[in-house]
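So, here's a batch of structures to check.
Across the two complexes that follow, subunit A remains constant while its partner is subunit B and subsequently subunit C.
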Partner chain A sequence: MVGESARSGRLLLAPIAVLYLIALIAPISFFLVMSVFRYSALELWVPTVTGENFARLLGEPYHRAIIVRTLKIALLTTVGCLGLGYPLAWYLARTASVWRGLLMFLVIAPLMTGVIVRTYGWIVLLGSEGTVNTILRGLGLVDRPLKILHTELAVVIALVHILLPYMVFPLFAALAGQDPDLERAAHTLGAGPARTFLEVTLPLSRPGILMGSALVFTLTAGAVVTPALMGGKDVQMLGQTIYELTMSTLNWPLASAVAFVLVLCQLAILLVYFRIGRGRAA
Partner chain B sequence: MPPDAPVAAAAIERQAPVVAPAAGRAGRLALGVAVTAIYVFLLAPVAIIVFSSFNPTEANTFPPTGFSLRWYAKFLDSAGFVAAFRFSLWLAVVAAVAATAIGFLTAHGLVRYWSRGRGILQSLAMLPMMVPHLLISISLLLALMVVPVPELAALIVGHVLICLPFAIACIVASLEGVDAQLELAALTLGASRLRALWEVVIPLVAPGLLSALLFTFMVSFGDVYIALFLSGPGRTTLPIEIFAYMQWESTPVVAAITSIQILLIIGLGLLIERLVGLRTIMRV
Partner chain C sequence: MAKTILELQGVVKRYGATLGVGPVDVDVREGEFLTLLGPSGCGKTTTLHIVAGLLFPDEGRVVLGARDITRLDPQHRDMGLVFQNYALFPHKTVFDNVAFGLRMRRTPRAEIAGRVRRMLDMVGLPGVEGRLPGQLSGGQRQRVGLARALVIEPTVLLLDEPLSNLDAVLRKRMRLDLRELQQRLGIATIFVTHDQDEAFEMSDRVVLLNRGRVEQVGTPEELYDDPATRFAAEFIGETNLIEGVVAAAAGATVTVDTSVGARYDAFAPGRSLRSGDPVYVMIRPERIDLVPERPAGEVAMPVTVAKRVFAGDVITFELRTDHGLLLRCSKPSVAEYRALAPGAAVWAIVRDCRVLPRDGGGEA
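After this line comes the complex of A and B, so read on.
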C-alpha cells in the first residue's frame, strides 16, 4: 500500500514536472547560458565561451545607467509597496469589520484586471490633460500642467499600484498568523502601542516583509510594459532593453547577459530572504 | 510563498479577528485615514477608466463633459480590437482548462500523497510566479528558434505556465477542506483509484475547481508578458493590441475596451467570492 501510494503520488506530479522541465527550466537555462555566447550578425549566436557581453553591459555608460535606474526604481517601488501595504495588511488582519470580505476583494480585484488596464488608468490620471493636473489647475495650485507622465515618478507610482497586492498577501499571512495574545500580553505588561508594534508585531511579521519585498523587487526589475507606457523613451529599464535586444536588434547573447544580471539580483534577494528567515527560525 | 501560510490560515479560522487593544484612539483614527487613502489610490485608476469611457470628447478629461456611448460603438467597429478580444477569450478558456486539469492532479498529489516533502514541492510548483514572466516568455521564444514548434503552442504553454500557480492554490485550499477518509472509504469499498477520484473527490472540490477555472481565465486574459513575445499576426491578444495602439495614440476607445474587461473581471471575481471566498486563495 505504501509503495503504491508513493507511485500514485509521483504519477500525479508527473505532468507538472514534465511541463516545468521542458517549458520552463530547460528554456530559461538555455537562454541564460547564451550570455557567454558570442554575438554574430549572420548566425545570431556562436556557441563559444566569451565574457564580452558582460564586459559590454557593465563597461558602457549607457547600459550601466539603465542598470542603476532599474535598481533605483525597483527599490523605490518596493519601499512604496511596503509603506502602503503594511498598514493595509495590518488593518485587514486585525479588523472585525463586516466589510472585511469586500475590502479583501478590493485589494485582489485590481490584480485581476491586468497590467494594461491599470497602466492605462494612470495615464488618464497623470497625463498633462489628466485628472490630477485638472484638479491642481482648478485649485489654482499650478498655472501650467505639471509633467508627471514620462518621469521616473510616474513609473514608480504605477508600479506600486500594480504590485501592491503581491506585498499585501504575504504580509497578511504573516500578520494574521500571529497569536493575538502576544500583543495583549505586551499591553498588559505595560508596553504602549508604539512599543508593542516595534517589539512584537513588526519582528514577528519579518518573513512576510521579506517575502513581499522579494516578490515586488523581482517583478519590478522585469517590468516592460508599464515603464514603456509611463516612462516613455526617457525612463528605460532593463526589461525594455531585453525586449529591444531580442525583438529588434536580435542580439540574443547581450539580451541574455541583461537577463542574467536580473536573475542574479533576484537570487541575491532570495538568499537574503532565506538567511534571515533561517536565522529567525533557529 | 511563505512557508507558514497554512499555519496562518489555521489561525484565522481558529480565532475571531481582534483589534489590538494596544492601538490607541488617535492611532486608530490615523490608521483609518491611511487605509481609506490607500483604497482611494487602489481604486482611482480603475474608476477613472470607467468614467472616461462615457466621455463624449476626445481628450481624457475629468469630470466628464457629458454622457456618450460613442467609444463603445467605435470599439465594435474596429475589426482589430474585436478579433483580438475574441482570440483572448479563446486563449483564456484553453489555458484555464489545461491549467486547472494539471493543477488538480498536482494539488491532489501534494495534499494526499506527499505529506513530508510537500512544503518544498509546493514552493516549486509556484515557480512561474517567482520568475519574471518576461523571462519565461523570452525563453519560450528562444526555444521556438531551436525546436520547430508552432508559435501558437508556445503561447498556450506560456499561458498554462503562468496560470498553474493560481490553479494549484485554489485547488489545494479546496482539497484541504475535504476529509481524506472519504476517498479512503471509497477505495476500501472497492472503487478503483480513478473512480474514487471521479465520483468522490472531484464532486467535493467542485467549487475549488470552478474558482480555479475562473481565476486562471482572468490571469490569462490579463497577461501581457507572455503574449508580448509570442503573439503574432492573427494571434494578437487584447492587451497586446491595446499596448500597440497606446504607443501611438490614446483615445477613450481604450477606456471603453478596458471598461468591458473590468466588468467581466469583477463579475468573475464576485462569482469566485461566492464559490469559495477569495480569502482562501489569498492565504497561498
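After this line comes the complex of A and C, so read on.
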C-alpha cells in the first residue's frame, strides 16, 4: 500500500517533470554547449570547441563592467527591498489594525499591473521634464533638471518598487509565524525592545530574509525590461546583453556564455541560501 | 501573617469598549503560592500580564513592595514568567535560553555558567545545556522554561497555565515538583489555571475569577466549605443547591424553608441574613449520609437511588426526593454502598449545609 501511494505520488509529479525537462533542462543544456562553440558570421556558429567566448566576456573591460554592474544593481536592489520591506512586513505581521487588509492589498497591487506600465510610471516621474525635476526646480533647489533617468539609481529605484512584494511576503510569513510569547518572554527576562529585536525577532525571521533576498537578487540579475527602459544604453545589464546578442547581433555563442555566467551567479546565490538556511534549520 | 509584597489595587483593563478585567484587588504575600483560578475568558491571563508589565492597566495601581510599578516596562520588573507553550527561543540552545536573563543583566560570563548549571540541576535537567528546545520533550521544555524564569532570582514567579500542555501523568508529577521547588526557594508565586484540582493541590490561597472580577479569595478549604457566591459553589467541586427563604436567623445559624418543603438549619458564617431573604442551601455530596432505616432523633428524608456511577474509590449516587428534586451524593466504595442499586429506597441525612445569597440577596 505504501509502495502504491508512493508510485501514484510520483505519477503526480510527471507533468511538472516533463515541463522542467522541456522548458528548463533542455535550453540550459543547449546554451551550456553553445557557449563553447565558435562564432561564425555566416553560419551563426560552428561546432568547434573554443574558450574564446568566455575569454572575451571576462577579458574585455566592456563585458566585465556589465557583469560587475549587474551584480552591483542586484545587490543594491536587494538591500533596498530589505530596508523598505522589513518594517512594512513587521508592521503587517504585528498590527491588529483594521487597515491591515488594505495594506496587504496595496503590497500585492503592483503585481497586478504589468512591469511595463509600472516602469513607464517611473519614467514619467524621473524624466528631465518629469514630476521630480519639476518639483525640485519649482522649489528652486536645482537650476537645471537632474539626470536621474538613464542612471543606475533610476534602475534600482524602479526595481525596488517592482520587486518589493517578493521581499515582503517571505518576510511577512516568517514574522507572522513567530509565537508572540517569545517577545514577551524576552521582555520579562530583561530585554528592551531593541535587544528583543536583535536577539529574538531578527534571528527568527532569517528564513524570510534569505528567501526574499534570494528571490529579489535572482530576479534583478535576470531583469531585462526595466533596466532597458530605465537605464537605456548607459546602464547595460546581463539580461539586455543576452537579448541584444541573441536578437540583433546574432552572436549566439557569446550570448550563451553571458547566460552561463548569469545562471552561475544565480545558482551561487541559491546555494548560499540553502547552505545558510539549512545550517540552523534543525 | 506574612508581609504583602505585591498588590493590585482596583486594576481595570478594557479591550475597546468591552471590559477585560476589573476592578481587581489582589495581594500576594511573601513566599506564598497564590492561584488565579477561573474559566477561560475570566481575565486570569490578562491579570498575570498586568503583573508582568506586558499590559498596562487602564485604571488602578500595581504596587511591588513600597514601589508603584503600574507603568514600569516589563524588562525592569524582575519577574519570572513561565508560559503555557513554554516560549523557549527555538534558535538558542538550552544553555543560552537559561542564560538569556543573566546576559541581559550583564552578569559576568563565569558566573553565568555556574548559575545556569545549578538551576538546570535544580529543575532536574542536568546535561542538556547544548541541546536545542526542539530536541526536548514537552516536560523537559517546561522545566527549561522554569529554569529560565528562576535563574534571574525574580521577586515574584509567574506561571501561566504551565502544566496544561503536558499529559495527565506528567502533569501530576510536575504539580508536586513545582510546589516542592517553590517552597524550597520560598519564592512568592502567582499561578494561573482553569483546573480546580491543580489550584487546590498546590496553593496556599486561591483567587477565584469570573468575567474579569474576583468572586472570592481564600484558602482551598475556605473556598470549598464556604463559597461566597453561586458561581463559586458550582465552579469548585460538586454541589447541591436548593432554593429557599430564610425563616429565622440567630447569629451564624439560620433556618431556611426550602423549595422541597424541608426546613434546614444551616450555617451562614459572616453573613447578615434576615427573615425573608432569598437564599440557596448548599450541600456538598459527601456530606449526605445514607442509612437503610429511618433514623431515630435525626432529620432525614426518604429518597430513591436514581443513578449510580462507580469510579473505583468513590461511588456517586443521584438521589430522587419525594418532591422530585435530584441530589448528588458521593460515598466511599465499600460493601454497604456498593450494594445500593438504582431503585433502592434509603434515608438521607444531611450532615452539614451552608447558605448562599440568591438574586443578589446578602452581601456579595
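Definition applied: the second predicted complex is superposed on the first by the 270 of 282 C-alpha atoms of A that agree within 3 Å, B and C clash if a C-alpha of one lies under 4 Å from a C-alpha of the other, contacts with A are read in each partner's own complex, and residues count from 1 in each chain.
To be clear about the criterion, contacts are C-beta pairs under 8 Å (C-beta built on N, C-alpha and C of every residue); 3 or more make two chains touch, one makes a residue touch a chain.
Every value quoted in this text rests on a predicted model; they were computed, and no experiment measured them.
> For the three-chain model obtained by superposing on subunit A, do subunit B and subunit C clash or fit?
Overlaying the two structures gives subunit B and subunit C room side by side.
> Just subunit B (first), just subunit C (second), both, or neither: which does A:R38 touch?
In the superposition, A:R38 touches no partner, neither subunit B nor subunit C.
> Could you tell me if A:A186 is touching subunit B, subunit C, both of them or neither one (first, second, both, neither)?
Both partners, subunit B and subunit C.
> Touching A:R56, do we find subunit B (first), subunit C (second), both, or neither?
Touch partners of A:R56: none, neither subunit B nor subunit C.
> I want to verify one number: the closest Cα approach of subunit B to subunit C after the superposition, in Å.
6
> Both subunit B and subunit C touch subunit A; at which residues?
179, 184, 186-187, 191-192
> Give every residue of subunit A touching subunit B within the complex, in rising order.
My answer: residues 5-6, 8-13, 15-16, 19-20, 23-24, 26-28, 30-31, 34, 44, 84, 87-88, 90-91, 93-96, 100-101, 103-110, 112-118, 120-125, 127, 129-131, 134, 161, 164, 169-170, 172-174, 176-180, 183-184, 186-187, 191-193, 196-197, 201, 207-208, 211, 215, 218-219, 221-225, 228-229, 239, 242-243, 246-247, 252, 255, 259, 262-263, 266.
> In the complex, go through subunit A and note every residue touching subunit C.
Touch list, subunit A to subunit C: 179, 181-182, 184-192, 195, 199-200, 203-204, 280, 282.
> Contact residues on subunit C for subunit A in the complex?
Its residues touching subunit A are 49, 52-54, 73-81, 83, 85, 87-91, 100-101, 104-105, 132, 134, 148-149, 152, 158.
> Going by the contact rule set out above, which residues of subunit B touch subunit A in the complex?
So the residues of subunit B in touch with subunit A come to 1-5, 7-9, 11-12, 15-24, 27, 31, 34-35, 38-39, 41-46, 48-49, 52, 59-62, 102-103, 105-106, 108-110, 112-114, 121, 124-125, 127-128, 130-136, 138-143, 145-146, 157-158, 160-161, 164, 193, 215, 218-219, 221-225, 228-229, 239, 242-243, 246-247, 250, 254-255, 258, 261-262, 265-266, 268-270, 273, 277-279, 281-284.
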